Structure formats: C-alpha cells, structure tokens
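Pasting the structures here.
What follows is subunit A paired twice: with subunit B in the first complex and subunit C in the second.
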Partner chain A sequence: MLLPTFEFHEPLSIKDALKLKKSLGEDAKLLAGGTDLLVHLKKKLITTNNLISLSGIKALSLITKEKNAVIIGSCTTMTQLSSTPIIQKNFPALKAGCDNLGTHLIRNRATIGGNACNASPAGDTLPALLIYDALALLETSDKKREIPMADFFTGPGKSCIQPDEILTGFRLPIPGKNSGAHYIQLGKRKSSEINLVNVAAFLKYDPDTKKIIDARIALGSVAATPIRSPKAESTLMGQTPEEACFFAAGEMARREDCHPIDDFRGSARYRQAMVGVLTKRTLTRAYELARSACI
Partner chain B sequence: MNKFDVISTRAHRIDTPDKATGQAMFTDDLCRPGQLYGVLLQSPHPHARILSIDTSKAVNLPGVKSVITHEQAGYIKYGVSPARYDETVFAIDKVRYVGDEIAAVAAVSLDIALKALSLIKVKYELLPAVFTVEDATKKGAPQLHENSPGNLCAEVHQEFGDVAAALKTCDIIKTSTMKNKRQDGAFIEMQGCLAEFDNRGLLTLVSSTQVPHYVQRTVAMVLGMDVGKVRVKKPYVGAGFGIKAAACPMELACCILARETKKPVKMNFTREQVFMYSRARHQFTHTITTGAKKDGTLMAIKHECCLDGGAYTSFGIATVYYTGSLLGGPYKIANMSYDGKRVYNNKPACGAQRGHGAVIARALFEQQMDMIAEEIGMDPMELRIKNMMDTGDTTCNDLNMSSFGMSECIEAVRIGSNWDKKKGNMPRGKGIGMACGFFVSGAGYPIYRSDTYHGTVIIKLTEDGGTALVYTASAEIGQGSDTAFAMIAAEALGIPLDNVRLASGDTDMGVDLGAYSSRQTLMTGHAVKQAADHAKTQVLEVLAEQLLVPLEKLDIKKGFIEFAGDTPDFSALRTRYIKEHRGWIDNPDSKKLTFKEASRIAFLEKGSIVGTGKYKPHNLGGKFKGAAVGTSPAYGCSAQVAEVTVDMETGQVTIDNITDAHDCGKAINLTAVEGQMEGSVSMGIGEAMHEEVIFNDKGQVLNNDLAEYKIVTSVDMPRVKTIVVESCEPNGPYGAKEVGEGAIMPTIPAILNAVYNATGVRINELPLTPERVFFAIQDYKAKMAK
Partner chain C sequence: MKKIIRLTINNQSHEIAVEPNLTLADMLRYQLALTGTKKGCDTGDCGACTVIMDGNAVNSCLVLAVQANGSVIETIEGLTTAEGLAPLQEAFVEKGAIQCGFCSPGMILSAKNLLDKNPNPSEQEIREGISGNLCRCTGYQKIFEAIESQSS
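Now for the complex of A and B:
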C-alpha cells in the first residue's frame, strides 16, 4: 500500500494555516502527527490533494498556564503532555490517557488535537478532556469560538469543527482542592490497545461535611462518541465517598448511561459489564487521590 | 564430560555486528540495476468462477513491462507434499479465497504497477462460499475442489493397542474438548523476493524464505527448468515460524515476470497480504478421552481432531498427521487412537507454525493430566513423573526417545518456580500451573520422497592457512543457526571462532532442507562436524607424514597443534612457513606449532584442503501409514510452570512468571538456546492470550495488521526463568538436539492450568481474552449458586 500523492503545505503561523485552509477549501486536510491521517490515506478511507501540516506552527505545541486554567496547544504530543509538570500535577487522568495511547513511537507523534479531531469513541485522551470540563478552542480566519468538549463530538469520527476551522487547543480549568481524578482503560493486552472500554472520573468533596460536591464520569468505547455519564454522576452528589456509592454509580453507569455495540473486538454485553467495574474503580482511585492531595 | 573450547559457551552471534548497525541486508534492501516492480492481482471474492480476464488496458499503460496470468504461468500444479499438489501459480477456472492469485504485473515503478492492477478486468460468476468446518461439511455445501468430495482435504485413522479394551479397565476417564483460533506468524519481515535471469539462462531468486532447497525445486518444476539452472539464495531473513517453509505464489510469479521481461523483478507482500496468504497455525478442534487407573497410571488416549484448513492443502497433510502422532509421548501409553480430518473452506490456507500440528492437542491433553491428578489427589508433577518414559523407550507409535531429560526438566521447574511452596497456597485470583511437552528434532524424511541427504556441508581451509570457510545451504532466519554452525566447525577443527567464516542460505552451496521441523542444529550440525573432522584429518595427515608422528597422537586445540607425549621438533616446518613471509612482523614464535602453519603446510603438500560432510537420519521406526510424520532422530522436551493473576471482576489475566526448563541435548550456544525458549514462550502466550485472525462474513480478514492482530508486547511478557537441561543426545552433534519448537509445547497448557488454579474454571477455547475469561467465571458462579 502506497500513500497517494498530494501537495504538502507547511505554514508557520496559525494565520497562514487558516488562509490556506480557506483558499484550498474542504478538500485540504490538516496534518498534525499523522498517526491517524496517514493511515487513513494509505487505506484510501479518505482522499485529498492537499495536506496542510501544522507541525511548523510553534504556538500550537505550547502548554501555558493562565490564572485558573491551563491552555494546551492542539499539537502537543502525548509524550510532551505526559512529561510536563503542570499536567502531571493537575490533570493526572489526562496524563494516564496519554501514557496509555499506542506505543512509544506513536506517543512521540500523536497529538491531543489529532486525538480529539479523529473523534474515535475509544480515544484515550477524550474521557479526561470530558471530566476536566475542557473547552475546545476553535479558530477561523475571522472568528474564534470555544466549545465545551461535551458538545464537541457529533458521531464516530465526527466533530463540530467546520471545514474552515482549526482547533488551536484546549482550555482546562485547574481543578480545585479536595478533588481527584483517574482514568482506566481495558484492552486485550497490556499495551498498544484499542480500548474495549475506557473510563475517567473526577470527584470533589467537601472536607467539612465529607460529602461529594462534584462528580464527573466519562465513558469511552460504549457509544457513538465518548460520553458523560449523567445518571451515575447524579447518584454520587451529596453522598459520602465510599465503596457502596461508587459501586452504585458503576451500576447506574452500566445500566443507564452506556449504549455499546458488538464488534470484532468485543461484545456489547462485555463492554457494558465492564462499564460498571471500571466506573467503580476509577471513582475509588479518584477519591484516594483527592484525599491524599489534601493531606 | 568433555571440556569444550567453543561450543557450550555464550559466544556472540556472528551476525550481531551487522544487525546491530543496521548493515544486515534483507531481501527488500537489495536492488538491481534496471529492476522492475511486480505486484499481484488477488481475488476480492472468497469463491467465484473466473469468466474472463482482460489485461489489455494494463498491458498498454506506459511503464508496464509485463502482465501475466495463468496463460503465461501454465497449468502445473504445485504445493508442499507431491501427493497433494493442489495449487497453480494463478487461478485458472476459479478463485477459492479472498487473496487467491489471478495475475501479476511488472512495471518500472511500484506506482505504475499498482495502477495497472486496477486496469485488469476480471469477470466473475460469484459462487456460494463456506467459511467454517461446520458449513463446509454440511450436505449440499459448495465444493472447493473437484476431487475432494465433502470438502474433505485429508483424513487419518490410527489405532495403536486396543483403546476400547483399555478404557474398560480404567478407574478415571476424562473427556474434554478444546478449540484454538487461526494464527498468523506475525514475523517482522514480510515476504519479499527478487528474481533475475542471467545471459546464460540461469535464474537467481533471492527470497525471504526458510527453505531455499524446496523453493528451488518448486520453481524449477513450475517453470519447467532444470534444477541446476535455478539458484535460490536467502539473505538475512526476519523470521518465518513455518509460514515461509514452502514456495509461495509470489516467488513463482516473480520468476515468471523475470523470464517474460528479461529484467530483474522485485516483489513484496504488504502486511495485509501476509494475512491474506496466511499459511500459519490451523484452527484445531480436539476431543480427547484419557483413561487412567486410580494410582495414576495412564492407560489410553482416544483422540479426535478436526482442522479448519482453508482453501488449499499447503502443509495440511503433514499437519493432520503430526496432530495425532505427537501425543504418543512423553508418557508411557500403550493404547492410543487418533481420528483426524482436515476440511477445506473459502479462507486462506493454513500451514505449519512453530510446534507444527501438536500445540493444541498438547494443550488439551496436559489439562487432562491435571484433571486426573486433581481427582486422585496427586501432585501434577508427581503424576507426570510417574508416567514418564525413560531414556531409550519407544512410544506405541514408534517414536524413540534416544535421550530424554523430561523428568529432570520437571524437577528443574519444581525447584526453579518454588512449586512445592506455592502450589495449593495461593490466594483466590492467583494460580500456578505446569505442563510438559516434546517435539521432533528434525523430520525423519524430506517432504518429497527421496534418499537425498538432508544436509551437506563443505569446509575449505583458506590457502594461507588462517581461516576455515564453511559453506552450507541451511537457512539462518534469525534463530542463530549460522552462529551454531560456525561454533561447531570451530570446535571440531580446534580453532577459535574468529577464524571461521560461514556462508549459508544458497542452493549453490549444497543440499539443505532448510529451517523447519527444528532440524538444522542436529542435521546440518552433523554435516558441519563431519566436514570439519574431514578437513582436520587432512591437515593432520600431512603433519604426521612430515613429522613422522602417528596420526593418533595429533590433535588441534585452540588453534595450536597438540602432540600426545613428546613434542617433536617442528622447526623445519616453521622455517618453511616463515621463509614464505619474509618482511612480515607477526611470524609465529609460539612454543606450539600453530594451526595456521600446519594448514599452510598441508596446502603446500596437497593443494586446497576441502572437507565435506553430509547427514541423513538412520532408519527410523514405523511401518504403518503415516509413520513418516513424527519420527525423528531425536526429541527435545520441556516442562514449564506458569504463574498468573486473574482479575476476577474483569477477566483480565496477567502472567506473572514462567519457569521453563528445556532439554536440548547439549547447548551449542547457551544464549541462543535461552533465546529460543523465551521466543517460544512469547509465541505461546500470544496464542493463549490474544492472537486470533478474525474474518467477516465475506471471507476478508478484519484484523490484518499488527495493531489489531495482537501479538505479545514487551509489557505483556512476564519474567521468564530459563533452565537448560542437557541429556546428551546420541544422535546429535556433540549431543545437541532441538529447542526451537519444543519449547512452545507446555506454554499454553501451563497457563490454562494456572488459570484453572486461580479461578476454578476450565476454559476450553482460546484465546483467553478478558471477555472470555469474565463470562467463564460468571457462568461458573451461576452454576455454583444453583
């Protein structure tokens, strides 16, 4: 299998990239790490005459701190995210997602923007983006908008990005004190997996009442897109964080919040069962982290 | 015990510098001036009649040099076993699987060749297809081959002793079934080849193959050429595991394209084509009944098996026999019956893969051993030792264990894994299990009927006296055979490994049946040793004459001549040598006469010193039909202990430790032996845990890449403790026998027994995906609750 031929463009600024995108029209594809795009081109799942590489745009691979948030450039790689202290400290569930994606070689190239735009229901960083209430930062040559990740995905492989838009990055509010988050994925082998189920959870509790005051759960590989698990989340609110309520939340997520399908990687039945187990486990661990953070 | 100077060490592999620096040349690294690129047109349909093939547009595309179909390739049938030739290079009247070859194109670039492929118009009449054994054997099922009614490719019925009578005397009878999944070899180097005719009509095919010899014969036969006009060479090869152990249609198409275009032609499989071509381990469905007395004495095995064969025979006839014959040991069993069949269907053909035919039968049987042990309350190791054959014993189907360190292997893993302390004392969710296995050390007979030597070797001492050149047609495919043979040559000649150079993998160098059935160390190794002894004797004969010393008093060790008793005055020889090297500053001044001086003197007296060696097995047992499959000059054997952790909530199994003891007779190179043991374990774990080629309902492989076909990653690989047992095989060079395949035998059942130990659940289908294990645990819980 050979890559088809195409024109290769390498703009050095977001402005130039947007200009190119506008002038070349819908046919032009944005190339970040290429770990999805080049595979799709080779397999002839998509065709294009023009590739616009984003690698030359330095601004897109920066991780910067604002007052209460961190901005992650869309072209930061998994390796970069995983080794950046502000990410390690504030977003452990995202780091876990990055560490689980593919292999060393893939992680050196794969970007978080590419992972989001590829919009696989199984994408490894996507549940974390959902539970951290990330905003996607989108830009065209004449306007910018910010979209909550919960509204970003519109179907398998589909997102709300418009043809003339570029995803420049994500804004992730820094979680406050007394909170913790965790991510677990399950596959057939221990590395280089396409997830059967992946779950992230975020918990915040009131240190005085010892009750849960914020809970966010995101489920991957069990619906057309990565999804939040609203019914399970609501069972947790106001509860004392302990095994029984994590188990109950898992049961709720399993029964009410997921809609898996059968494919050659695994059955819907198994995926559904695992939503319960992984939800319980991520919550348990998220709470442990929340507690240990305040000691 | 002999003290060795070269073998029995951890010498560095002779190919390490090339491979570590990336200088090693594999087939795809090679280019010839004016070379064309060839590609194959393969069927998109699992079963269809070919109504017409129109190549006119493709032929006329600028840059295209040749388009061939069966019209150019001809009608000659080939395959693996001559009695079972059922393939032609290109489909003639119909295609039988998605990937069946129809045509090939050679063009000045790969791009153009691929473009041309899309211009070939084939008209098909689609035929109903069958993809499973069940569907293929139904009444009225579509038939793949005219002369194989019922899609039955092969069937075997054997009985040794009287199974029915023996079962009547048993106190315990266990019957169970097991099924694995079709495997892919998942070697790193995809098949590739480069064919070229010279101006005198000699065809040279460079190919990524395990068996230059068989490829040479098949190419000659299919192209209608003299064998002497076909030369097959293999450069470095990135493994084969059995899949590259026969000529493939791409090699044949490549040669035909080279003939048609009079240009060098290069072809490669993509990874997708590797999956399409397949030829790896079959899917087996076994039912075994084992009977024993209440003291644990094994009485009888009744074995039935069905192989899901795919569209052609390939190795299948040998596979179906191996499946039965290799249950004959390692335990004393007087009564054994086997009913095996292999069924055609519209999937790619399966073939041979590491542990040919025997892996899943072993996996099921070794679980039954554990079931029996549990029922009578005996330790599984004790039960096995109780029934173990002894050195020199012959199985009921005539396999002779001329050396047999099986009980030593069990003892080694018992101690190595701390079995006695762990067994029975593990918390729920953790388990320990063990199993044994054995395998041939070379097939007793070539694939075609012949009295041919299985290996010939030539060793020439360079005329300057310094170096031994070893020429063998054997196949180094990554396993380390070149190093092993260089070490054997050095040991036998009595010189350092550094002074041996070796060239291999070229049919011009002699006959060697190649790298399959774990044969080379024993068979080629024999021929190497003989050739080295022959060359050495010639040198010593000259010395004996010149120094007036009896031949028996002379030897060569570490590069020096050793004299038993007094050292005679050899100064005249040294002077003669030094005179030839006037002005050289490194002339010999050692107390001992050097090999270099001696072999130079021998050359001066006799001309080039050439030693030759050859090997073929002695007369092996078995007069019954099929006896030729399974008989071998020797058998390697092994025992393994697996320790696992099972996540009872998700079904995920983690393999924590493997302790592996293997009797390889004598380790020529210890590190290489351990490498084979670890490699076997990793392949066994892959098959046990996640590997499975998955098809859709159109006969297409869904997971045709290494992202979705899940071999073991370094993270899945447990710590493997390897223990080498040496039983000194009388039929092997320096006592050596196999390690390449036997070491995979116990891996799967050891894991299954450990999972049972952890969960209380026996799982009778592979792979042990989290899903399969999870539902097995759920079903078991539901059953227990009732």
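Now for the complex of A and C:
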C-alpha cells in the first residue's frame, strides 16, 4: 500500500512544532506513533502534504510528578506508561487500558495522545482518562488551555482540538487514600480487537462511615464518544459498598446512560446488557483495590 | 524531497537517502534487499514485518524510514552468525514451528524480544508475546513449544 507523497518535518521543541503547525495550516498533520495516522493515509481516508513528527520533542514523552498530580506527556507510549511505577501505583485502570490496546508491537509505538486525538468511542485508554478526571493540556503558539477529558470528545473521531493546537499531555490528579479503580474491555478475542464494550470505574469510600464518597464510571463503545455515566454514579453516592449497590449502578448505567448501536461486531442489546455486567464487575474490583490499599 | 538518515542495522551503520513516504519495511526490503522482513497486510495487523527497533519489537510497515533515523534495528538477517542459525531459530526448525515460513521472521523476532526482556516467561506471557504475529499454518502450538524450549 502506497503512502501519498508529503514533506516530513521534525521539530525538536514544542515551540517549533507550534510555529510549523501555524505556518503550514490545517492540511499539516501531526505524527506521533503513527499507528492510526499511517493506516489512515495508506487507506486514503485522509491525505496531507505535510507531516509534522512529534517524536523529536523529548518533553512530550516524559511522565513527571507534581505535588498532587502526574503529568503524562502526549507522546508517551503504551509500553512506557505500563512499565512506569508511578502509573502502576496510582492509576491501575490506565495501566490496564494501555495493556489491552492492540498488540505488543502496536503498544511499543502507540501513544496516549494519539489514542485521545483519534477519538475512537472504543479507545482503550479513554475510559481511564475520564474516571481519573484527567485534564487535556492544549497549546497554541500564543496560549495554553486545560480541558477536562469529559469535554474533550465531540464525536466519533472528533475532539475539541483546534487546527493550530497541539495536545502536549494530560494532568491526572493523584487519587487519594481509600480509593481504587479498574478497567475491563470486552472483545471477541483477547488481542488486537476493537472493543465491543469497555468500562472503567473509580470508587472512594470513607473508612469510618463505610460509605461511598466518590464514584466515577466511564463507558466506551456505547455512544458517539467515550462517556461518563452520571446516573449510575449518583446511585452510588452515600451507599455502603456492596454487591447490591454495584448491581443497581450497573442496571442504571445499562438503562439510562448508554446509547449503543448495532454493528457487525455486536448488537445494541448485547452491548447494553454487557454495560450492566461490566459496570458491576469494575466497581467490585475497584472497591477490592480501595480496601486492600488501606489495610 | 529525499532525506538522509543514519541508522544501525544488524550491527552495521548505514547512511541512506529515503523519500519521506517510504516505510521502514519497504526501505529494508527494496533499498537494502533485506527481504527476510515480510509484508502481509501493511496495516499493523499481521506482524510479518516485525523488526526490533531500539530494543522494542515494532511493525516496520507502520514506521516511516525517516522516523528510524538514529535508531538501532535488528532484522531476522541479524540473528544468524558465522556458526549458523541462532539457537532460537534452530528451536523453530527442531520443533516444527515453521511450515510455509512467511510468519517466521516476525514470529522469531517477537520471541527474541520477549526472551531478551523476560528470559523465563510463563505460558501466558509467551502466548501474549506472539499475539501480534499471525500464523496461518502451524496453529501456534509448535511455535509456543519452540519458544518455551529457549526459556531459561
């Protein structure tokens, strides 16, 4: 399969990349790991005269700790995230998302920024970014802004990134004590499969009153974008964490919060049923992790 | 416009002029005649084009040659030494893990990368380690056995 002809630009700093993006205009495409972009170019789904590679910008592939947050550079790969202790310890649902994306060959190239910008409703790292309340860090040559991931996606393959903007990374607040999170993806086979349904859940409870004080659920592959599940979340608040309330949250997510479609991978009804099951399972596991963390 | 890239392939340094839209797989095959690297799908699905780039196995059909500038690449041709096939390659022959052979270069490089990082992988880790490489002939079991025989 032939790639179209294009000019290749390799800026070494974010500043230079932004300058190039501005001068080359909307036609120029940013290249991170290339696992989506090169496939789309080969299949002639998109075309461009200019590729701006981000690989030369060291700052974009760093994972750094701030006081109460971790900054993940947009060009960190799945392999890199999954093997970084600070991610393993604080963001297990994100690690699970990274471990489930594609194959090990893809994970060695695929970046988290590329996964977000590709904005697939089924993207494997996206539910985790939603439940950890991640902020997308966006930059143009003259301003910076931070957008909650809940407002980032605008449709299948679409995000709020402007043509002259670059996603430099994400800020993830470190979840406090007594919290846990988990991610499950369901596909027809284990490896390199586009998800039928993928769910992430985050739970925090008060060890004195034994009640849930924070709950976040994100659903993938069941709407035009990855979404939060607000009605299911609100059923959990103030409840005692146990099977009955996890089941009830699953039922609410299934009935009220998702809008799946039929396609060749599976029917809407099946997807909807699985939202209920996976929501309950992720919550159960998130609670187990929250409890074991405080023992 | 062609760009000059410098990279190390199988312990040899190369300086090559490449078009920006040339993939690493095509550069290896058509500019360097290293045709051990195969192309099945050209879209990241089959793993026939697997090479090891800076210590990580990747799909060379989804890497531009210009992106490999400055990197260290290992292809299947690099495994054989003056003494002959590498022990991992011998194991593939020995265990009947090769039939048509089209997947073998990629399969062996994925296995090598796995064993380099994790010399004693579990059954699950071996199966996951080759899950990006499709084989239409063997049914995978013999490939699994060949890799297992090389774990320490």
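Observations on the structure shown:
Convention: the second predicted complex is superposed on the first by the 295 of 295 C-alpha atoms of A that agree within 3 Å, B and C clash if a C-alpha of one lies under 4 Å from a C-alpha of the other, contacts with A are read in each partner's own complex, and residues count from 1 in each chain.
Convention: contacts are C-beta pairs under 8 Å (C-beta built on N, C-alpha and C of every residue); 3 or more make two chains touch, one makes a residue touch a chain.
Keep in mind that what you see is a predicted model, and the values were worked out from it rather than measured.
By the touch criterion defined above, A:38 lies against subunit C but remains apart from subunit B after alignment on the C-alpha atoms of chain A.
In the superposition on chain A, A:148 contacts neither subunit B nor subunit C.
In the superposed model, A:207 lies in contact with neither subunit B nor subunit C. In the overlay built on the shared chain, the residue A:1 is in contact with subunit B and with subunit C.
When the shared chain is aligned, no partner comes close enough to touch A:238: not subunit B, not subunit C.
When the two structures are aligned on the shared chain, A:79 is found in touch with subunit C, with no touch to subunit B.
Judged by the touch definition given at the top, the superposed model places A:196 against subunit B, while subunit C stays out of reach. Applying the stated contact rule after C-alpha superposition, one finds that A:105 touches subunit C and leaves subunit B untouched. Ranked by how many residues of subunit A each touches, subunit B and subunit C are led by C.
By the touch criterion stated above, A:55 is placed in contact with subunit C alone, subunit B being left untouched. Of the residues of subunit A, those at positions 1-2, 103, 190-192 touch subunit B in one of the two structures and subunit C in the other. Of all the residues in subunit A, the ones that touch subunit B in their complex are 1-2, 103, 186, 188-194, 196, 264-267, 270, 273-274, 277-278.
The touching residues of subunit A, counted against subunit C in their complex, run 1-8, 10, 31, 34-35, 38-39, 42-43, 51, 53, 55, 79, 102-106, 108-109, 190-192. Those residues of subunit C that touch subunit A in the complex are listed here as 1, 3, 19-23, 42-45, 47, 50, 53, 56-59, 62-64, 66-67, 110, 128-129, 131-133. Residue ranges of subunit B in contact with subunit A, taken from their complex: 110-111, 114, 270, 272, 649-650, 652, 654, 689-690, 694, 696, 702-703, 707-708, 710, 712-716, 767, 769-771, 774-775.
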